[in-house]
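Here come two complexes built around subunit A, the first alongside subunit B, the second alongside subunit C.
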Partner chain A sequence: MRLLLRGHAPRWLTPALVVAAALGTFILTAGPIRLAGANPGSAYDFYLLRPLSSTYTFLEVLLAATPLLFTGLAVLLAFRAGFYNIGAEGQFIAGAIAAAVVATGLPDLPPPLALPLGLGVGVVAGSLWGLVPALLRVRLGVDEVVTTLLLNPVALLLLQGLLNGPLRNPTTQFPESARIGSGYELAPILTGHRLHWGFVLAVLVALALWLVLSRTGIGLTLRAAGLNPRAAQFSGISVGRTLLGAALSSAGLAGLGGAVQVMGLQRRLTGEVSTGFGYTGIVVATLAALSVPAAIAVATLLADIVVGAEMANRVLQLPPQMGRVVTATLLLSAVSLMLLRRYRVTFPALRRRRARAPSSAGDPS
Partner chain B sequence: MNVVALIAATLVTATPLLYATIGEIITERSGILNLGIEGTMYAGAFGGFIVTANTGSPLLGLLAAVVTGMLAGGLMGLLTVTLGVNQHVAGIGTTLLLIGASEFSNRLLFGGGSLTQTAKFALLFTGVPVLEMYLLTMLGLAVVAPLAWWLLRSTGLGLRLRAVGENPEAADAAGISVERTRYVALVIGGALMAVGGAFLTLAVLGTFTLNITNGRGWVAIALVIFARWRIWPAVASALLFAVVDAAQLQLAITPTFAHVPRELMIALPYLAVIIALAVAGRGLRYPGAYLKPYRRT
Partner chain C sequence: MTEEADSTPPLLSLSGIRKTFGDLVANDGIDLTVRAGEVHAVLGENGAGKTTLMRIIYGLTVPDDGVMQVDGVPVMVRSPKDALACGIGMVTQHFALVRPMTVLENILLSSLPLGPVSTEEPRLRIAELSAQLGSPFDPDAVVGTLSVGEQQRVEIVKALYQGARALILDEPTAVLVPQECSALFKSLRRLTDDGIGVLFVSHKLHEVKAISDRVSVLRHGRVVTTVPTETASTGELAELLVGRAVSGVSRAVLRPDDEGSVGATLIAAERADDRSSLAAARPNGEVLLRISALTVPGSGAKPRLDGIHLDVGGGEILGLAGVSGNGQRELADVLSGVLEPSSGSVTLGGVELAGAGPARIVQAGLGRLPEDRHGVVVEDLSVEDNLILENVNSFRRGPFLDRGAIRRHAERLIEQFSIKAAPTDPVGGLSGGNMQKVLLARVFERDPQAIVVAQPTRGLDVGASEFVHKQLLRRRSLGAAILLISEDLDEVLALSDRIAVIVEGRIMGVVSASVVSRGQLGLLMSGTPLAELSA
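On to the complex of A and B.
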């Protein structure tokens, strides 16, 4: 099997490949689902359709999509500039910690001061967590993949250390912080439901990012620096400064996500503030092919699977970890199939055999 | 500080890193960055545990880990060699898939949490200072490392592997199959990573816990860069990391450091690696075809 570069892909190809990736994921995961004693068809009914069928569960999907939007946009922004930020997980946790520290330390601030302060320290903490890898990359040329990755376990340890020490709940002694001051709480959008204004903030951030990336010079500079740094440098773009700016904004976005998660949903800092949102952000950005509108759709889809996996766990006794297997399989099958937009597949061995067959029949020598 | 205990703890911490780092060097020298390493170690730890729990034999468990690692390497090969997918994405995806699949199977087989203790490998030379270590540690230091060094340096396969990693066009022109060589590197490397993971379940813990690898794969990726893709410096850097880690454990129980949070002490070795990279990680010469898929044009 060999892949050959092709000039242009037919227009029907991309939608066809999306369908093929979805089908491929279904086929690949059907075996394990059956092994767990569930019917793959009804499992996928839960993963895709059930959560969207009632208002309550639909709002749960949007709630679950909120952190994924922040981390997905963070990764998208960095990847566009050619900065491989794999550390959104750590930056998300850093933002959550900072928001919780401020919101439990100064609990009596009124909302007009508390909300910008809590979200602001989240952004700053996320950026600071991304600062060292960014500086090491831009100034010294140290590979950012490794340094951002290594800081993820460190952020988790910092979180656990704070929860077992200074932030430990003074009344219950549980390893979780006290409840944040009421001024910091992002209010529910609808009464009686958990979906909070953090989701609206995420959508607004996405819109702003889309405008900046597609309608301003910054977006062009970023893409130039990412696609061909040497040519960009030659045309007068400061690639170092562009990378640094993109890396810090990316880390800040992830940190904002962490602050929103604490102020909107958890209302206190716990050890489970992130269930791998940073890594899922990479999946979001990649499946969206680094496009902002697509990232909104993908984050919603992955959130749909998360909510559906919890429902399937309750009803079908299908372990919720299957949702993560489905997500990873979808990522791998989609990136594989999307290659077909730029390459076509040939089978040289087959063609050679076919070419040889008639000639050997005609010529016995 | 108890030096004998320090050495014993160092050898235990170093072993998974030793195997994983050597495995990653072999794949990276062929031009493939395998970020699936964390997931491969995780799956190796789980695969080894599950087979040992069912057969009672850690040796069969080790074999299962090897097979798991080879399959994981094959999956990376399919993605990055045959198809030529972006290696960062393929690696992270493989890690997510393998961790998800391991935790899914764990949940399926043991419900909430498993406290099953399995048979473990025994320590050799118990009671003898310095020599007290697991068979896998001894094998890693005395057999696997020299063998990997010799393989890369002096064998035909090693030469082909490095050629494919430096200049696949030239290697292809010389009649070397780029694809097959990279698959071989990924499969061997994957097996070694999985053995590193299995060491945690089969020798250290005797059971499987969630988050068992805890970022050790990422540490191995950093050590490869620190060692500049060479086997003996990699062995040394794995031991160096382990000494810092073991010293941290030893210091944490002394009165001076008793009030320092445990988590800060655990984080120290990770921070040490980042500082080491900042000092030694500049002006590196990566393998020539690093991150580049090869396609005949």
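On to the complex of A and C.
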């Protein structure tokens, strides 16, 4: 078996591969689900359909999709520019910490001041967390995959250190911050439900990012720099500056996600402010093939699986980690199948054997 | 001195070696022998098939057809390991040495057994072999601290240590300074005295004359001739190397009918071997593009560009001929703004551009068409986006792109340059010719004062090549100063008003295209100074 580079893939190929990836995921995960004692069919019913069947669970899906949208868009933006930001996790945590510090330190600000301040410091903190890797890459060519990745555990340790030290809740002595000032709270969209205006903000950010990438000069230069930096440089585009801008915006978006999570859902800083949202953001961007509309769909799908996995845990006693197994399998099968858009698989041994057979004389290939 | 006179079979013999890559015939039935104790030189231009041939002998490429014999016994060489087992060693231009390791370690690396290694015997053997080369070196020296010439000797000793009796040297002098060259030649003489056979691949005539016993000239994948070196003059070899003009391509043929005033007299001029008229030629028109004392350092002692002076006048095409790798790419890169020279200046209409970035250079009116087309278009972006990439800001309304204007711009250029593509097609899907047309359109549309173009028709079919040539001539008649960097002598001769020859980062001379012969160009390209030609 050999892989051959192909020029351009036929139009039907991508949708066909998506279907194949979904089928492959189902087949590959059916075994583990069966071993865990559930019927794969009904498990998938929970993962995919049940969460969407009631208003309450549907809004829960959108709530779960909110941080994934921020981190997914952050990663997407960076990858588009050719900056492989694996550090959305750390930047998300940095944003959450900053928002919590301000919101517990100045708790009495009124909403018109508090909201922009809380979200703003989240953006700045995320960007700062991404600044050093971005500068190292642009100025010295240090691989950003390594530096951004290694800063993730640093952010997590910083978070735990703060929660066990200066930010420890003064009344309960739990390792979590005090409740944020009420002016900082992102209000629920519907009364009686947890879905907050942070979701709307995420959708607006997605829309803005889509406009910038596809409709502006900046977007064109950014995509050119990401697709072929040499050609972009040759055309007079300042690739370094573009890269730096994209990297900092990406980190800022992830930081904004962290601030939103604190101000919209958690209302205080805890050690579990991120359950790997930064890493799942990479999955979102990759599965969406760096397209903004697709990223919205993918973030919703992954959130659907997250909510569904909790329900399946309660009803079918399936371990909640099974949802992650499904997501991971989906990523692996999608990424490996998408390789076929660039490569053709040939079987030279088979062809040789066929060529030797006399009946192949009329074979047009 | 015929082959039949030899009673013992040659050390290495190739017959009917053939290798094709798709439509390209790289080696077309090559017969070649290397005898023990001789240096056999292989001369050839770029693309003549030298590299493919070397790779086949050393087992890096498997030929489609043909037989290889060692000591008269047919052998199958499918990997460098097979080649070494047959006694064939190769020293490539880029050394395969681990720089932080010592000489001894490097040499042992290729034949390392599992388990403990005794270094005593190898140490002695290496000392012996390096003494055989005439320049003993310390087996414990770290390779990275050695000079390029010493590293090359380490490579040779490595091959000998592995039992090579036939040595392939691929452009061995390309990385050496003259003193190292003569040391290398002395070493090679000592080796041949000991019965080693050397296959010396080069495009430098004077070196081939100096070192080889026999020389084979390779052209278009065939051995044009094999002669004892002493019976061939440098001039004859140069003629064989570059070949004779195969077609009547000239400015007269290519010139569009409606603008044939200036060129007619030039074409009429005979390309006779009138040596007295081979004086350095000056530009006709007012100098627009002036390159002076331009220097780009190399990785070793040798600079890539060594004080280049060139003047290009308005309304003229200055051809820059040379064998590949003599600094053409660096010159194009400096002029394109992607490589910063260490010193020297480039001015366009008096404006200094050396070291300026691409944006400023384009702004100043210098159009750039580099040889690597894939490196200057973004293949995944559409034709219309690539067409505005050098000029995004002119197609904006506020922060947003003016998609309507971009589409109209693309449609106009597609029509004008007969590009076979839709505005939204990704450029990566276009043929080489159409991709080049996109680049031509992007550059010419801005009406550049001067144009730097490198290998403009490489890989293009006849129709597309002719289109590109016509467009270049049209720009010339509109008064642009054009520097045409090309390794295709036919192209240089057909289009240029004057021809400069570059060798090892230096300009050997600038001559009028109407009086120089192909043979003379060949001599210049292989390093013979202009003064010797006119003498």
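We adopt the following convention: the second predicted complex is superposed on the first by the 351 of 365 C-alpha atoms of A that agree within 3 Å, B and C clash if a C-alpha of one lies under 4 Å from a C-alpha of the other, contacts with A are read in each partner's own complex, and residues count from 1 in each chain.
To be clear about the criterion, contacts are C-beta pairs under 8 Å (C-beta built on N, C-alpha and C of every residue); 3 or more make two chains touch, one makes a residue touch a chain.
For clarity, every value in this text was computed on a predicted model and none was experimentally measured.
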Touched partner set for A:190, first subunit B, second subunit C, both or neither: neither
Subunit A residues touched by each partner, larger count belonging to subunit B or subunit C: B
Which of subunit B and subunit C A:161 touches, first, second, both or neither: first
Which superposed partner A:216 touches (first subunit B, second subunit C, both, neither): second
Which superposed partner A:237 touches (first subunit B, second subunit C, both, neither): second
Touched partner set for A:152, first subunit B, second subunit C, both or neither: first
Which of subunit B and subunit C A:325 touches, first, second, both or neither: first
Subunit B and subunit C footprints on subunit A, overlapping residues: none
Of subunit B, residues touching subunit A in the complex: 33, 35, 79, 82-86, 88-90, 92-94, 96-97, 99-101, 103-104, 107-108, 214-215, 218-219, 221-222, 225, 261-264, 266-267, 270-271, 273-274, 277-278, 281-284, 295-297
Complex contact set, residues of subunit C against subunit A: 336-338, 357-359, 362, 368, 370, 375-381, 385, 388-390, 392-393, 395-396, 399-401, 403, 426, 428-429
Footprint of subunit C on subunit A - complex, ascending: 7-8, 215-221, 223-224, 227-228, 230-238
Contacting residues of subunit A [partner subunit B, same complex]: 1-5, 32, 35-36, 84, 86, 132, 136, 140-143, 145-147, 149-154, 157-158, 160-161, 164-165, 276, 279, 282-283, 286, 319, 321-322, 324-325, 327-329, 331-332, 335-336, 339, 343
